[in-house]
Every structure is written in structure tokens, then in C-alpha cells.
Amino acid sequence: MMRRTIPLIITFISGILLVFALFIPHKPFGNLEERFNDWYIIVSGFTMILGMDSLLLHHWNKIRRRQADWFHSAALIVAFAVTLVWGFYSGIKVGNPFDPKSTFLQYFYTYVFVPLQATMFSLLAFFIASAAYRAFRARTLNATLLLVAAVVVMLGRVPKGSGASVVLFGIALVALAVGLVLHGRSLVDLRGQLLAYGGAALSILAIIPIAKYFPTYLPAVADWIMNIPQLAAKRGIFIGIALGGIAMSLRIILGIERTYLK
Amino acid sequence: MKSPPIVPLPVPSVRAYDTPNDAGGSITVEWELSPVDSVVRMYEVYRLEGSPEAEPVSAGFVLRGTQKFQDNNLKDGETYYYFVRTWVGEEYADSRLSNPAVPSAQWFHTGRKSALVILLIYGGLLFYYLQQARSGKPLYIRKIAGLEAVDEAVGRSTEMGRPILFIPGIGYVSDIPTLAALAILKRVAKKAAEYEAEIIVPNFDPIVMTAAQEVVKEGFMEAGRPDLYNEKNVYFLTADQFGYAAGVDGIMVREKPGAVFLQGVFYAESLILAETGHSIGAIQISGTTSVTQLPFFIAATDYTLIGEEMYAASAYLSRDPLSLSTIKAEDVAKLGFIAVFLIGILLETLAAITGNQALHFFKNWFSLF
Amino acid sequence: MNVLWTWIAAGLTLAIFSFLYKDNPFYKFAEHIYVGSSAAFWFIYLWYFDIKPKLLDAWVMNTGFEKYILIVPAILSVMMLTRFIPQIAWISRWAIAFTVGMGAGLGITGALQGFLVPQVQATMLPLWEPVSSSTLYNLGHSLNNLLLVLGTITAIFYFYFSREHKGGLGVLSKIGITFIMVAFGASFGYTIMARVSLLIGRIYFLFHDWLHLV
Amino acid sequence: MNLWDRLATIDRRIIYLLVALGVIIPIVAKLSFRVTPLREVRQAYEEIEKLPPGSVVLFSIDYDAASMPELQPMLVAMLDHCFRKNLKVLMMGHWPLGLPLGQIALEQVAQKYHKKYGVDYAFLGFRPGVAAVMINLGKDLRQVFNTDYRGTPVDSLPVLRNVHNYNDIAILVGLEAGATGDAWVQFAQARYNQKIILGATAVVAPDLYPYLQAGQIVGLIGGLRGAADYEQLVQVPGPAFLGMPAQTIIHILVVVLIILGNLGYFARRQGGRR
């Protein structure tokens, strides 16, 4: 009862109240969402203590058992302690550790925290390239469309006037031609072969006019892809997510879905 | 920069009324633009409390071209009068006094009636199919590749003698996708226990961590192996987005999991995690409702649960008839919405061809305020 | 002083980059420093920007109902912390139940207001609209609207779960997944530029602020 | 392993190396694609250019580390411009976590031109309450900032001695990653007729164009491209200007990699069929 039923009742009430609050501007519903959010923020602040306990214990055990990397675990605990003490020390000294004259903000935040964060974030530049290289293979029709859309949008975003996209189109079309020839050689039937070789010839012939006109229009094509097919699919996904989210929320409020409580 | 002086002209009319759909204490003031709006610096709204003879107080100001101002923090039931001062440079001209207005709070938000109707119809559908399920009607659900692969991934990872890594993302327990991820975690934990495999769950949020601990324990109990459950493998890392990514990357390259699950709320760190997971040769099953991150999961992981597929997961994996019935209701709602689209499209097309503005009523009904 | 700190920042930057080659003691060190210090950082942040203003300061400044209602989140917080005492750890479920219920409530209202109704309205597009005097332009405009509607509807059919994707439904859902794939490709391509900016920032830091080569 | 196999399975480390070189080389070699600066950036540049020496420019740091790649270069370039023209610089901010970033740039550029703290520039810091701060600055700066960030009374700083409100500030430069820019226009421009230049991230900038068209701001610098333009105008090539070629190079690199990967893939598939 106390362990299972009451939590279900609490979930039900807090969920239903927020749904009512959407339609009732009058007090006390009008600002209920805001109030609950404030409460949630307070509660989650306190639960950080649970998290820190878990993290420190995890690494303390590694040190105690002299597990591999125990030295690094010690560094983690030291870093944690130094940051915490420094932050609160600055807080006591200047009122708030996030005040510009706090050494915590001036040194720790600026020269340790921000570089770590920004560098980790910047790894994406590398990963986005390797993921594109590996995943964008024209294996199926859909994979090909994904690839083409990605390449067109990418090129459409290259700043104009650099001339680079023109050169690039040359490379791309030659590559396409080579690819088609190779593909044609693998085919058995004559019609397929003719199509492939014909396509190769066409893409070589197309280099000049496309290199001349296409870069001018490429940004427009990229915009079109973003604004029409991209937006359409996103809308469909959003509508699905909204319907699924409402159903899932209702399952939770009604206590049908209660994985989190066991 | 002296330009010839332009005489400020007052706004021709001012109207005040109780702000609709609010919690009270607010009046909206509306006016027609001053004839010299293009050179107006700002419109300053003055308030008189109680009577037209009261001392005017400046309530606020807005930029040129604006015709509306909302005056908040008023007393419900008190009468207020307003006038608008038009500023041109350092000169001004005052409008006449507005009608009296009294702020009050409303009990129903009329601007959200369409949302209410949709919610009621959809809620009705959900209840209808729940009742159907209670009466024992079997329900079909199509195959979802990403979910079919869960058991296989756990099995293959065990064969390789490697642990399983479950990454619940950087959402909070109040995010629905995180709760959906926990449902998937339960299945993964149960399978892991059956295969006697180790499962590691690093967390971004402490509450999600406690919930994940319970879920994994429950999964191990369902598999009949509570002895194998190790709470220390479900732990907290940090509440920093990229700190979390750095930590999980470290776990991946050192523990070398054979299967990696990326389920829940993800932002930019999604690709950092998925690429590292790929580099260690793990089978990766991802799922999120963060539409901006789906392309990266599609590119870098083996299976991806796209948006709504993730919400269907708990019903799909548990085959619980009550949960499955809500999926049936979702599908019926989809057909309903498509019908609504078609009606709307037809009416809008007719409106565009005939120029009859009245035909926009259907689309306008869906506007939210 | 600042020179020393710049060296520290540069060292940490390089240590993180070294992960691209392979895992190594430098990355391990930077990673552990990052995890440990960021955990403490966010606790301090939450303390000074959330708990202090929203609970402690609010308790001092508010009066009456607004003051005493703050006892509720305080109790919920204490409930969460009962997890430290195994015998009464179950009490924490009450607080978790509140956060989950709140999430579910917001899940419904957010989906309705933020996604469902606006998207439904936006999809009601006229399939013929004389927006310009040029028939060709109008034709293109109509075609775009048709594609938008088609893409939205077929993408919804891809998420139709309760029937096998065969026959008519199969065709629709196949068109739907095609739209979805084009969308994913496009957003992938769109994001690259932003990601490269981040790397430019870091490289410039190394070569300018640290090495003074640029 | 033949050539095709290699094309289809390039090691990710080689890709990482190419990406790194693609960014490092153009920056170190100071490669540049000269492009015509956008009009709204040139407008901002000219507004500062025509200020007489000694005029006061107030910078507001309304961003934090997440928007640093785009906004920090703008700040540095504009500070460079101001100090070179012997303008007086004041700095404040509405985003507490962004202030140290502003301060670093301020100290760095001031040092470059041998400017003295308190005489040529001052760092005011942060005060809570966005709108209230903006409005009170129009009444009396001392009501908001009675001291600088270190606690020195503003009256003992020569640079601030004659600054009392917006009337004494020639131009306000807001660097925006959120909605604070709208507030600046609403409170400082509309109410006090303050001249404003806004710099913004590529995401925020489109929302600010209407202010430019309405003449409510006198210049707008948007995204890395805008920053690059400003760097080019003041002729201090920084990360934005040097980064522009890197952007293009990485895009080309990714496309070439995709093509190579597909060539290898098709050739191998053909080989596999035999």
C-alpha cells in the first residue's frame, strides 16, 4: 500500500492536475506548471547528493581495491573536491561563485571547464566526417536518397564565391561516371549495361553546363529540400511522437506503465 | 542630425478590456496607430486607477507599429482607465481616455478549445480500446526491427564474453522518452540475467539512476537471478552533457561492451557516443524522440528506433494487452487525423480557388492562443 | 598567471583530442578530471541558481501561502534522500512518483500544444492557390504543398503499428520511409557547418592563444 | 587488399587526420577567401568608424560558452576596432557565465593597444534583472553599477567620470545568443533612443533583421560569417575569417570521402559477384 499504491496515486494526481492546468487560467491552476517546475528543480538539486555519493563511491572502491586506473579515480576525487571547495569558497567570499570577481569563475570555469566542454563538443567535427564516409553508401534506393540529400544540402551551405563547389561538381560527376561504368560491367543483361554506360556518358557531358549553372542554384535546391521533403517527414514524425507521447503519458498516469516503480 | 520637427499626433482611439484567458490581474489596452507612426519613438501607456480623475501612472511602453499592450499586476475587481502617449523625439501627444476596464480571472481557456476536444476524443479512443483489451481481444503489432534485435544483441555480446552497456541518455525522469528507455532497459536486464552477462548503466541524472537501479534489479528478479544483480554497475557519472559523453566514451573503450544501447533523450553528444561505440565494434541499438539526433543514430548505429517506435517499445516487448491496446488507439487516431487533414485540405483549396474566407473556419478552429 | 592557466587549458584540450587516436593515459586523466569537476560544478550551479533562490531565499522573502507551500518541495527533497537509509528507502518512491507524474502531465500538454495541434493546422494546405500571376509559379507552389501533405501523411503511415505493412499500407509506408530518409540526410548535411565552427574555435585557441603562431 | 577495398575501408584515424589538417592548414597558412562583407556588417563597422576618439562604447555580453565559437570572434574584432580608434570601452553582461569570456577578450585586446584599466576601459560586471538594468542605465548608471566588478567605486575610475546614462554612451554593442537583444531594442533604443549594434549567433540573427529594417539598430553581425566580415573590415584576421576556408574545405572533404567510399563499395560489390 504505502510502497506501491500511494506512489501510483501521487503520479495520477500530479499528472492530472497539470492536464487540467492547461485549460484553466484561474488560480491555483494558472501557474501550477511553473510552480511544479520550481519544485522539480529544487528536488533535483537535492538528488545531486545521491549522484555524487554514487560517483565518489564508485571511484573510492576502485582506489581501495587498487583496480586498473585507480590513479585516475583518485584524480577524479581530487578534482571533485577541489572544484566543490573552490566553488563554495568563492561563493562565501564574494557572495556568489558566478560573480565576475570570483576566482572560481575566472580560473576554474574559464580555463578548465570551458576548454574541456568545448573540446569534447568539437570532436563532433571529426565524428560527423567519419560517420558520413562510412554510412553514406548507395546500398539501396533509400540509402541513395539519404546520401544525395545530404550532399546537396552540404554543398548548398558552402559560402558562395569560393568557386570550390564548381570544382567539386566536376569531381563528383567524374566519380559518378566511373561508378556507373563499374556498375555496368557487373551487370549481365544488355539493357542494364546500356543504361549504365549511357548514364556515365551523360554525366560526363553534363559537367560543363552543370558546373556553370548549378552552383548558382544549388543553395536554392538545398533550401527546397530543407523546406519541403525534410519538413514534411519531420511533421509526420512529430505527429507520431505526439500521439505516442500522449498515450505513453496516459499509461503512466493510469498506472498501466509502471516500470519505474518496481 | 537635426531633422525638421514633426508634431506628434495622438493615437485616434484607445480601448481597454480584461485580458482574456488569464489568471486575472491584467488588462489589455489596444489602440489605432498614430497617423505619424513611422516617426514615433514609442507609445507609452498610462494607467489611472479607480476614477478618470486619478493620478496617471506610466504602465509601460512599446515600439512603433505596436497596437497592443498588456498591463499586468493589477487588482481584480478594481476599475482602470488608460490613455496612450505618443512620443516623437522629445515631444509627445496624449490620446483621449479609454473606456473603464476591470480585470478578472477566467475558469476556462477558450483559446485552447481545439486542444481540449482533441484530447477528449483521443482519450475516449484510448479508454475504448483499453476496455476492448480487458475483454480479451487479441491485438496485432507489426515487427519493429530495432526491438527484435534486442535479444540477439544481448546474446551475441555474451558469446563474445563482453558486458552490455545501456546508455539512458541525458534526459530526466520527467521526460517521457527516458521512461520509455527504462522499459527497454528492463527487457535488456532480464535477457542479460538469463545469459549471465554483466550490464553497465552510467547515468546523467541521479533520479534516473535510482529508477534504473530498481528496473535492473526487477529484470534480474524476473529472470530468476537476483544473485547476479550488482547495484554498483548502475551508477552516476556527471550532470554535464559533454562530461557525460567523455565518461561514457571512456567506459566504452575500456570495458569494450559487445552491445551498446543508446535509448532516451539525446542532444549533440549522440554522435560522439555512437561513433565511439562503432569504433569498438559493438552492436548498437539506438532510439530517441529527439528528431535532430535521429540522422546521426541512423548513420552510426546498427538499429534505430525512430520517434514513436520508442514509445511502442514497452508495449511491444512486454506484450501486455493493456499497453498494446493504447497502440491500437494511437493508430485509429492517426487515421482520424489524416481524415481531418483531407477535410482541411479540401476546404483550404476551395477557399483559395473561390476566395471565400469563410471556408477557413476549419483551419482556424485549430489555432491555439 | 594567465599564461599558466592557458597552458593548463591547452593541455586539457590536447588530452581530449588524443582520444581520436586511441585511449591513452592523457585522455583518461582529462576525462576523470572532467567528470569529477563537472559533477561538482553542476552541484554548485544548482545550489546557487536553483536551491538558494527558489527555496532558501524564497522562504525568507515570501509570506503566507507562498512561503509555507515551499514545505512541499522541501519534504519531497528529504524523501529523495531517504535512499541513503535502506530501511526507509522506499519513501523516495513518493518523490519519484511526483516527478514522473509531472513528466506525464507535461508530456500530454506539451505534445498537444507544442506538436500536435500546430502541426495538424500547418498541414492543412490548399492544393491549388493562385499566389502569383504566373501559372508556372502557381503550379510549383501547388506541387510543393502536395509534396508536403504527401510526405506528412505517408510518414504517419510508416508509424502505423497495428497492421502488417502490406498492400496499400505497404506502399504508403514505403513512401513515408523514403521521405524520412531524405529528411535525415538533409539535416545531417545541414549540421556539418555548425560542427566545424566548434573545431575552428578550438584549433584557433591552440595556435593563437597558446602557441601564438597565428 | 586492392585499391577499391582500401577506398571502401579508409581507417577512421586517417579521416580524423584529414579533418584536422583541413582546419589547421587554412588557419595557420592564413588562407583566405575574400568575400564582399554583408551590408549590415559594413554598416556596423562604419558606425564605429565615424565615432570621434574618446567616445564611449558599451559592450554587453549576453552569451555563454556554448555560443563562444560564433560570438567571441565578433567581440574581439570589435574591441580591436574600438581600441585602435581610441574609443573608451565599457563592458557589462546579462549572462553571468559569459562574463569571464568577455573579460578575457577585453584584457587581451586592451593589452595589445597598451590601454589602461580605469582610464581607457572598465569592466562593470553583472547585475540581476535584465529589463530593470536596462531601464535604470537610462536614468543613472550609478544606480545600477556603483562600483566596477572589483568593487572600485565608479567615481574613482576616470573612464566613467563623465558617463551618467545612455546620453553619454555613443554606441551600445549587444552580443546575443538569446532574447536579450530584443530587450535592448525595447528598453534602450525605444525608450532612450540609444544607438545599438547587435551581434548574434546564426540562430538568433534572423529574428533581429526586422529591427535593422526599422532602423532601430544601426548594424547587425550574424553568425560566423558576420564575424568573418567584421574581421576582414578591421583587418585583424581571427578565427572567423580564417575559419571560413576551413568550413568549405571540410565540406568538400566530406563529399569527396562519400564519393570514394561509394566507388570502393560498388567496385567491391562487382568483384564479389564474379
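Letters A, B, C and D mark the chains as written, and numbering starts fresh at 1 in each.
Throughout what follows, contacts are C-beta pairs under 8 Å (C-beta built on N, C-alpha and C of every residue); 3 or more make two chains touch, one makes a residue touch a chain.
This one's a predicted model, so the numbers in the text were calculated from it and none came from an experiment.
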Quiz item: Once you count every C-beta pair in contact for both, which comes out on top, C-D or B-C?
Solution: B-C
Quiz prompt | Where chain C and chain D are represented by their mean Cα positions, the distance between them in whole Å | solution = 24
Quiz item: Between chain B and chain C, what is the separation of their C-alpha centroids in Å?
Solution: 10
Quiz item: If you average the CA atoms of chain A and of chain B, how many Å lie between those two points?
Solution: 15
Quiz item: If you average the CA atoms of chain B and of chain D, how many Å lie between those two points?
Solution: 31
Quiz item: Do you know which chain D residues sit against two or more other chains?
Solution: 12, 16, 19-20, 23, 68-69, 247, 250-251, 254
Quiz item: Which residues of chain C are in contact with two or more other chains?
Solution: 16, 19-20, 28, 30-32, 34-36, 38-39, 41-42, 80, 83, 96, 99-100, 102-104, 106-108, 112-113, 116, 120, 123, 149, 152-153, 156, 159, 180-181, 183-185, 187-188, 191-193, 196, 198-199, 201
Self-check item: Multi-partner residues of chain B (each touching 2 or more other chains)
Solution: 112, 115, 119, 172-174, 176, 179, 207, 210-211, 236-240, 242-243, 246, 254, 294, 296, 298-299, 306-308, 312, 327, 330, 334, 337
Practice problem: Assign the assembly's chain-to-chain touch graph to one of these shapes: line, ring, star, complete, other. | Solution: complete
Quiz item: Contact residues on chain B for chain D in the complex?
Solution: 41-42, 61-65, 279
Quiz item: Okay, in this complex, where on chain D does chain B touch?
Solution: 12, 185-186, 190-191, 193, 214, 216
Quiz item: Quick one: in the complex, what on chain C touches chain A?
Solution: 5-6, 8-10, 12-13, 16-17, 19-20, 25, 28-51, 54-55, 69, 72-74, 76-78, 80-81, 83-84, 90, 93-116, 119-120, 122-123, 144, 147-156, 158-159, 176-193, 195-196, 198-199, 201-202, 205
Quiz item: In their shared complex, at which residues does chain B touch chain C?
Solution: 112, 114-115, 118-119, 139-142, 144, 172-176, 179, 207, 210-211, 236-240, 242-243, 246-247, 249-250, 253-254, 292, 294-296, 298-299, 306-309, 312, 327-328, 330-331, 334, 337-338, 340-341, 344-345, 347-349, 351-353, 362-363, 366-368
Quiz prompt | Footprint of chain B on chain C - complex, ascending | solution = 16, 19, 22-23, 27-28, 30-32, 34-36, 38-39, 41-42, 80, 83, 92, 96, 99-100, 102-104, 106-108, 112-113, 116-118, 120-121, 123-130, 149, 152-153, 156-157, 159-165, 180-181, 183-185, 187-188, 191
